[in-house]
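Please go over the structures that come below.
In what follows, chain A forms one complex with chain B and a second complex with chain C.
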Partner chain A sequence: MTNVGIVIVSHSAKVAEGAADMVRQMVGNSVRVAHTGGNSEGGLGTDVAAIMAAIDHAWSDAGVAILVDLGGAETNSEMAIEMLGADRRDRVVMCNAPIVEGAVIAATEASGGSPLDLVKRAAEELSPEA
Partner chain B sequence: MSDSFVTASAELTNAVGLHARPSVKLTQLAKSFACDLEVALAADGPWVDAKSPVKIMRVKAAKGTILHFRARGADAAAAVASVVDLVGRRFDEDEASLEEARG
Partner chain C sequence: MDQALQKRLIEAVASTVIAHAEELTNLDSAIGDGDHGLNMKRGFTEVMADVDGLAAKPLPDALRAIGTKLVMKIGGASGPLYGTLFLTLGKELADPPTPSDAARAFGVAVAAVMARGKSEPGQKTMLDVLAPTQAELAAGGDDLLARLKSRAAASAAATVPMRAIRGRASFLGERSIGHMDPGARSSWLMIEAVCDVLGD
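Coming up: the complex of A and B.
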């Protein structure tokens, strides 16, 4: 896959799955989308190993853009990126954007073959300018 | 004549207008061309980059709106023809199933 991949990290498995469904239905299959959410007991939470697996699943040489919801999703995603190793961590970015809308916009941008920095910028365009 | 604009317009005839899914399709198609491609709700603008998914979703044009397109660049004529065709095809949305999906 040559297009930037998308990873969705929510505290809720249902939110993550639903957001990924929206991306696939609206944007199509030219972009790899992976999602993760919830802890191993079925409750709310996020997991570093699961986020790393999602990054592997969505991996593209063009990079991966991550959309997160709150607090732990962000810190655990940062940790997952750190643990990827030097050869890949520079090609993974987190988008400061609402998780559902950001995932759709990032994937739309990625589907046109845009590089990682443009994919991130497109998703972040959603947020009101500071 | 890459300096002059190719222009065309098309009426939105699909039920939902230029909402989320049609916006994604329009920007994806626009991105497949090298030229600059813009859209507006009036013939004299303001013009919005048709390759920007966020900006296109903010247009929020309803059914019955006339979309104006302008493009400049080597493949401008093909780009304008393609987006006008997409609008004419109602973005290939299956309106019956859309209604069903809305419940």
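Coming up: the complex of A and C.
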């Protein structure tokens, strides 16, 4: 896969799954999309190991853009990125954008073959402070 | 470090956190998402399950292993924050540590938690206990363990009138005032547990 991949990280498995469904409806199979939600016991929360697995699943040599919901999802995603190998770490970015809208816009941008920085920027244009 | 002492320290920290899980959850229910106690209990139960293995490792390796377990198991924002604290202590502490080593390593670890949480003291977080306790440790001098305990306790109490600026509690704005920060409480508990064992 040469298009940037998308990872969706929510506290809720249902939110993550639903957001991924919306992304796939927009871009079909042209972009790898992975999602994860919930802690290691299946409750609300996020799981570093599961985030690392999702990055692996969505992996593209063009990189991976991550969309998150609340604080812990962001902190755990940053931790997951740091724990990746040095060869991958620099090609994974977090987008400061609303999780659902950001994922759809980022994936749409990625489906046109845009590089990682443009995918991130497209998603972040949704955030007033970005 | 002496293996028996290392085991007592790990057990004391883990069992104290586990024993206070309900209190931490109640504090977090007041101003956050109510999962701090349960999340911390899950992480430290994992630590407790491997206490003999952890006690047998050199101190830096044990601290790093604890950090990794917390990152992988806690699942909330506290996982990467406490995970970063322990991982950094593991990277920075000499074995066995002198008091001045400990103060320096703890300082680096607190700075790492600040960077991870994009936060600083004064925002009603665990840093409001960790940072002043580190300052007390760095000051050194007589009766240090007792001073560390009372500084941690007073610092945790000082989070009650603060307004949260970071984390889920910040969504509440003014309504976050009047409750102790659960992360401050868990940090205080751990510091107290360590000081009690070292003072024995």
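As a working rule, the second predicted complex is superposed on the first by the 128 of 130 C-alpha atoms of A that agree within 3 Å, B and C clash if a C-alpha of one lies under 4 Å from a C-alpha of the other, contacts with A are read in each partner's own complex, and residues count from 1 in each chain.
The working rule: contacts are C-beta pairs under 8 Å (C-beta built on N, C-alpha and C of every residue); 3 or more make two chains touch, one makes a residue touch a chain.
Every value quoted in this text rests on a predicted model; they were computed, and no experiment measured them.
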Practice task
Label the relationship between chain B and chain C on chain A in the superposed model as either fit or clash.
Solution key: fit
Practice task
Considering only the touch criterion stated at the top, classify A:Glu109 as touching first (chain B), second (chain C), both, or neither.
Solution key: first
Exercise for the section: Have a look at where A:Ser40 lands relative to chain B and chain C in the superposition and call it first, second, both or neither. Expected result: second
Practice task
Mind working out whether A:Val48 is in touch with chain B, chain C, both or neither, as first, second, both or neither?
Solution key: second
Exercise for the section: Would you check which partner chain A:Ala122 touches, where first means chain B only, second means chain C only, and both and neither mean what they say? Expected result: first
Exercise for the section: Return, as a multiple of 10 degrees, the angle whose vertex is the Cα centre of chain A and whose sides reach the Cα centres of chain B and chain C. Expected result: 150
Handout entry: Dominant toucher of chain A (residue count), chain B or chain C
Key = C
Exercise for the section: Would you check which partner chain A:Gly72 touches, where first means chain B only, second means chain C only, and both and neither mean what they say? Expected result: second
Exercise for the section: Figure out whether A:Val27 sits in contact with chain B (first) or chain C (second), or with both, or with neither. Expected result: first
Fill in the blank from the handout: Once superposed, chain B sits from chain C at a minimum Cα distance (Å) of 27
Exercise for the section: Flag every residue of chain B that touches chain A in the complex, lowest number first. Expected result: 20-21, 24, 27-28, 31-32, 51-55, 57
Problem - Interfacial residue positions of chain A with respect to chain C in the complex - result: 39-41, 43-49, 70-72, 75-76, 78-79, 83
Completion exercise
Within the complex, chain A is touched by chain C residues 33, 35, 38-39, 42, 71-73, 75-81, 83-84, 116-117, 166-168
Exercise for the section: Please name which positions on chain A make contact with chain B in the complex. Expected result: 26-28, 104-105, 108-109, 111-114, 122, 125-126
